[in-house]
Amino acid sequence: MMEIRIHGRGGQGAVTSSKLAGLAASIEGKYGQGLPFYGFERRGAPVEVYLRFDEKPILISSRIYEPDGIIVLDPILAELGNVVARGLKEGGFAVLNTLKDPEEFEYAGKLSKIATVDATGVALKTLRAPITNTAILGAFAKATGMLKLSSLEEAIKRILRERFHKPNIEALRMAYDETQIKEM
Amino acid sequence: MVKEKVEFITGNDAVAYAVKLARVKVIAAYPITPQSPVTEKLSEYVANGELDAEFIKVEGEHSCLAAMRGAGVCGVRTFTATCGPGLMYAHENLECVHRDRTPLVIAVPNRSYSSLFPDYTDSMCEATTGFIQLFVESAQEALDTTLQGFRIAEDHRVLMPLMVLYDGYVTSHTGATVRLPSQEDVDKFLPPFKPYVVRVDPSRSEYIQWERPGVPLQEMEHEMAMTNAKEVIKEANEEYAKIFGRSYGDGLVEPYRVEDADVVLVTMASMTGTARQVVDALREKGKNVGLLRLRSFRPFPAETFQELQKKYGFRAMGVCERDVTHGCNYG
Amino acid sequence: MSDIVTTERVTIPPTGACQGCAMVLIARHTLDTLGRNSVVTIPASCGAWSGAMLIDRGPTQFPSAAAAASGIAAGLRAAGHKNTNVVVIAGDGGTYDIGLQALSGAAERGERIIYVCQNNQAYMNTGIQRSGATPRWAWTTTTPVGSVQKGKLVWPKSVPEIMEAHHIPLVATASIHNIPDLKRKVKLAQRLTTEEGKGLSYIEVLNTCPTGWRYPPEKMITLARLAVETGFWPVYEIVEGKFKLNMKPRKLKPLKEFIKLQGRFRHLTDEQIAETEKWVHARWQRLLERDERGY
Amino acid sequence: MTEQKIEWKTLRGRKLDEEAIKKYQEGRAVWAWRVFKPIVDEEACRRCWLCVDYCPEGVIEKGEKAAEINYLLCKGCGVCAEECPVEAIKMERER
Amino acid sequence: MVKEKVEFITGNDAVAYAVKLARVKVIAAYPITPQSPVTEKLSEYVANGELDAEFIKVEGEHSCLAAMRGAGVCGVRTFTATCGPGLMYAHENLECVHRDRTPLVIAVPNRSYSSLFPDYTDSMCEATTGFIQLFVESAQEALDTTLQGFRIAEDHRVLMPLMVLYDGYVTSHTGATVRLPSQEDVDKFLPPFKPYVVRVDPSRSEYIQWERPGVPLQEMEHEMAMTNAKEVIKEANEEYAKIFGRSYGDGLVEPYRVEDADVVLVTMASMTGTARQVVDALREKGKNVGLLRLRSFRPFPAETFQELQKKYGFRAMGVCERDVTHGCNYG
Amino acid sequence: MSDIVTTERVTIPPTGACQGCAMVLIARHTLDTLGRNSVVTIPASCGAWSGAMLIDRGPTQFPSAAAAASGIAAGLRAAGHKNTNVVVIAGDGGTYDIGLQALSGAAERGERIIYVCQNNQAYMNTGIQRSGATPRWAWTTTTPVGSVQKGKLVWPKSVPEIMEAHHIPLVATASIHNIPDLKRKVKLAQRLTTEEGKGLSYIEVLNTCPTGWRYPPEKMITLARLAVETGFWPVYEIVEGKFKLNMKPRKLKPLKEFIKLQGRFRHLTDEQIAETEKWVHARWQRLLERDERGY
Amino acid sequence: MMEIRIHGRGGQGAVTSSKLAGLAASIEGKYGQGLPFYGFERRGAPVEVYLRFDEKPILISSRIYEPDGIIVLDPILAELGNVVARGLKEGGFAVLNTLKDPEEFEYAGKLSKIATVDATGVALKTLRAPITNTAILGAFAKATGMLKLSSLEEAIKRILRERFHKPNIEALRMAYDETQIKEM
Amino acid sequence: MTEQKIEWKTLRGRKLDEEAIKKYQEGRAVWAWRVFKPIVDEEACRRCWLCVDYCPEGVIEKGEKAAEINYLLCKGCGVCAEECPVEAIKMERER
């Protein structure tokens, strides 16, 4: 089982990103689980969401304290190692929305892989708003190969309202293309 | 063959979807975390014309249950959802629903009065109010049980209100892979509601005065209905399995690896997942441990427990619960 | 004599209410006017004693009459009955106090409910306790006449005014000494609410309860008439925003004529009567102005 | 399926046809509540039917000649006598 | 010597008199049969200046309990009374009172949601809400227990709300010969309320932010308070006996003719009177029968039962109860 | 610039509310104006996120803020604190809907409570569901924009009007773009309610919630100003029966200027905007008349 | 133990009569019990109250189905044998407010003693209202001797408001004097 | 009497003196919520204090020379910049 923690801030769509990822996994015949650490998302306030993937049904439903990887939707949060890298497994991975280089993160050392992308930039270009959830999934897909772009696109179509399909798919693809991957 | 669609949705969404499939006629609801998404999703279905229901957006839960009672006596299928302080606020009317003998179904993603974690104090207070209480483990089961719920509650041998209970914040908000039955199949499983009697019916040509004898006789009948409910829950579970291929033990209790178990854990709702893993781990270490998931908390399936105990011969049961009753270590 | 003829009666005497109970009179004329295509719900109140009927009654707890009625209305529509009157007959306790929220919510939602409040200015069914409608200084069992506090200490509220603030199609007050006016208002409610679906109608009728007000029952109508003639109970209607004072005595009678007949006011000082009269007259003045203005 | 249909005893529907109503009314006669009994003076009655409207219980009928009181159901409150504009009703001590 | 006055009053009046003697500072109440006479009598005391209390004549029971919570955190002695649907309507706030740790005393002349007969469904629903529940047999005991109630609830080892429960229509309305203690003696037994902490206090010079850790720790403490309550109830019963010469068993359970009993009946509240007669009759026929009246339903005195059983060696207990829990023959 | 200087602050930042939250602004100015001799109770609402304070807070459940405050006021008096401000800060949900009854009861009893409603026209704390204050046609998660129903179907109610019907010493509306006016009204409430003991004061402030109304947070004050300038949010006061419109733009701006900035109104047709404007203008007309009349 | 059932109609003060009787008994050192078959008394509607006296504390608190005697506050009720004489013990007694003769009551046969008084008349004379409760207690005292006039007077003083003391004591005494007793 | 006084852990009173408040604020700093940061142009500021009133969080002080923002507690909502009548505040991307 793969356990991932998503970090974002109210307004960036972290919960939706977990729904998209979970649905994509389901489409691929896997089992997914997305568990928001619930609270109504105050605009601007940090949010955590837990994501699990497995080949067989997932039984537990606790929060994730020691993730295999993290996905960070916000460039400032990405820099707060004590927040996002909390309990992160030695040799885990990180998918970060940032303009910085992977090495600049103090927690880079204990990871095996860091993927970086300017998801905010991508979102502003495609959606005209800093809603970074679909962009970061593009980066995640590229970095881990755990989900296919096509199933994420399918998920976008099934979950979002129609007028948002095109720009989000664009964000997904653009981020996929722009993501830098660094094996540590 | 059964037609199903696979989706990745939360327990709340699964319940709302089941309500749509059940072609519920009157809904009343009031927002409360972690229940609100049920209300919101149903609002969407109605706004989109996908569900042709009256939706009363009440000003509080006490009124919510009052409205549900009012609609119920008109002989139509009714649904609501609430939890925690909302359930508590509605208590006076909850206490009365079963007196109407209207088969209202309520979804309850449990939470306590204040904490934002699952905790059954909200529904435990209602364990004496005549509700059938089915605790479910997953989003999939929430969907299945909501559909079964209408069938059970509406059965003329039962005619009691029913709660579908699942862990708030956990099952309610966790996205999971869920199989959505088709409307066609559901219509086979759950035909339109046929009331035993319609107490409020202005088209009736004869005028009827409804009377109720004393409370003791009422209580006896309700007790009988609850006894019948055990059978009916089992039947619904079986019928559902025939059509959709999913069942939960005998409907009342779901056993897990109880063969030759010396000791069994008794669990409810979502904690069962973790408990299953514990059982697996202990079994691997050679410990003969099993698990019984209590699905029907009311009616309480004492017989099923006894039968299982006889059949598998386990010696001890350990109960894991998520509520506390003060000052009662023996009550 | 009534100018509206109902084809059939739906209320069946006898009732379990006191001799000379005005609540019974209100319920009878309301329901008989609306006829058989009606459903009524009556929350805990003296209304519980209003006897058998040829229409169905919906269940409700004391605080939730309007909410129960909302459910009944929805349930009836869902069951295919589109033109049934859904009626509430509640006391002032169930309207001014414990049931106000449900009523306000139903009004906001535009529920098709005809809500009749029989206001006897106290909780009579439980033994004459104060309500939000109890007049200032009146005796009740919870506003007793003691040595340091005598009667109710505060002014009452007015649900007709509160309901007016909800901008519903009909707000009206009525008096049992004028039955044709009451019936006309009930018919109006039927048209606006049931037929035209414009939302909730609210009618409040002063229930001159002999038991709670402490006077001999035969004076029931006399008291009602005096209440109107002294300005204590103004009878008006607000139909889709248009205001009309229905009974306008040239000159108001002295309030004392109304007060002196009732045991609940026995202990009032002349100053208190005068202050109440001032209060009554100020309100009356505003209503006259509104009547002139038409809104 | 077990055919174990339950019979509700807790909710008894009593049909209210004319006969049932009559029986019901007889069973609940309230004449014993009276201390005084209203007596209509048929000559004096002007058939204005005010008493019909005002009788709280609704137990006065529009008779051929005059107001007719149903003594089974009259509680003796005295409202009709008080309100009759021509004083055609008198209250008499029941016994 | 104890100064007492003999009067012929009802259970309701006895409670009101006790509240006056207790010098309660804030009362909120709403009428409901068969409780209203308590409210009415207290209104009289206040109107006559015999009781110097704030009396909030609330617009419903939900608000009533909210007001009581508000007054409670100011650190003054509080009292209310309600029952049946009133208690049910207030349920949400009842569920919360014990979280405030304010020693509110509530008098409850039990009735059900609708019937006008005594029935414990109203308070049984509240058995999980953290209230101490003392069921009393007579008007005299209602008075005595109300006075003891304040002392128990206010004890710093307890600080939990407390219900004095008596049979509605029966004890509440039955006139009986009752001994009324003098104010002087009561002041000795029940000194002015000393709050453990005053959470709402604008005169405090230091500003304090009150915090509560997670629910599990709260629950543990409340459990502890309930355990302590057993001792404190016993103490109050003893102290009361010292001053006024009346006691009720050990305060938790009152045994009646249990010496050498083979079988004992377990009763509560006013039915005990009849049961005592039954025991007498059976004893006369030579049957070794006894009776245990359960006075403290919460905390449940399991130990006392065990002790008594050990001491007197009876073999069986038969429980007479006045409430029904649907669908639970084993829960 | 405030014309009222408070000696000390009682609110301590930061709060847990959204960036650019107007509720926080309302709570801060209210409490800082009243100062340390105050106790506040905040029912479930975004107010729960308003952070630490140097005054005590009383407990309440969502439906019962005004009742809890009544208890606090009584408890404080009983404990010897005769001049403490007892304040409620509630949302529109806790005021218009589930808490209305407790508020109405407290008003009738003449409780000494300063009740401030921060009206953001929906249940924001639970994720933007409709309330009795939600404008007609507005999107919320329970009045979604679907194919057969688009937004809220009915007009909102107005608790200031409802409270006016209770004849309490002060009913006022206020806007956050005019902080001195808000503070003045809070001081007025303190005088009438706490000092003179004349009963409950009610102040309602429009909470231009960026999260729920769907607009960028920096426009918070702009939106508030536009609400007043378009007549959408009239700012007035009724002090012991005397009416005064506090802000009277010569000519109202087109409502569209206010509407178009907000996501919750995105789907409105021109007809719907026009109808809302008509509704707004009719109300405005009445208020102008009342302002003239003085009551 | 003596078990008595009181019959009256709303407005006649049946409940108060039981309180007066109970207090009088307490004053005499006996134990009393007064149990209204509760309902708010509708003006005019029949009311029942149960009264018990004993030398020792009274344990039971049930309604009384087979009374030793009845007290009837209302002349019309007094004539309704199926109501007031229900379950009345063979050889019991009746205290009736009536102008009729004892023999005229169909249930007279099975009784040992009937006391009659025009309590309504007495009440109208003394209290100026047909509130017959104190008058009938005067008749009861005379007929049964179970309570002393003096203790009833004391009870009146302790229970009623001061301005009602004099007229009620008058009613009590006048009825006592006017009561006709017939041993059957 | 058993002296078995319980210690309440469920109700912890934390004294709020200046120091405690400072510590509390540091522990809950919300600067990380910002995407943009308000920068005051000291020269431009006319000390009208509108921003002081309008800052929702109340984290702008009346400084000696100009408005002073507490950057530990500013959430970056942009209201101050939007409302400053002389545009003395600019929002800059945080990093």
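In this document, chain identifiers A, B, C, D, E, F, G and H correspond to the written order of the chains, with residue numbering beginning at 1 in each.
By definition in this document, a residue touches a chain if its C-beta (ideal position, glycine included) is under 8 Å from a C-beta of that chain, and two chains touch if they have at least 3 such contacts.
Because the structure is predicted, anything quoted here is derived from the model rather than measured.
Traced through touching neighbours, the fewest hops from subunit G to subunit H number 2. Shared contact partners of subunit A and subunit G do not exist in this assembly. We define each chain's centre as the mean of its Cα atoms; on that basis subunit C and subunit H are separated by 54 Å. As a whole-number value, the distance joining the C-alpha centres of subunit A and subunit E reads 57 Å. Mean C-alpha positions place subunit A and subunit C at a centre distance of 62 Å. Separation between the centroids of subunit E and subunit G, computed from CA atoms only, is 35 Å. Each of the following residues of subunit F touches two or more other chains: 17, 19-20, 52, 54, 61, 63, 96-98, 100-101, 104-105, 108-109, 126-127, 132, 217. With touch defined as above, residues shared between interfaces to two or more other chains in subunit E number as follows: 33, 57, 59-60, 62, 85, 89, 92, 96, 99, 199, 207-210, 222. Under the contact definition stated at the top, the residues of subunit H that touch 2 or more other chains are 16, 30, 33, 75-77. Listed by label, the pairs of touching chains are A-B, A-F, A-H, B-C, B-D, B-E, B-F, C-D, C-E, C-F, C-G, D-G, E-F, E-G, E-H, F-H. Across the complex, subunit B meets subunit C through its residues 25-26, 28, 53-54, 56-60, 62-76, 78, 92-93, 96, 99-100, 198-204, 207-210.
If you check the complex, the residues on subunit C that touch subunit E are 44, 61-63, 96-98, 100, 123, 126-127, 129-130, 132, 141-150.
Within the complex formed with subunit D, the residues of subunit B that make contact are 101, 156-157, 159, 196-197, 199, 206-213, 217-218, 221-222, 224-225, 228, 231, 235. Considering their complex, residues 16-20, 49, 124-127, 210-211, 217 of subunit F touch subunit A.
Residues 36-39, 41, 52-61, 63-64, 66-79, 81, 84, 101-102, 104-105, 108-109 of subunit F are the ones that touch subunit E when the two sit in their complex.
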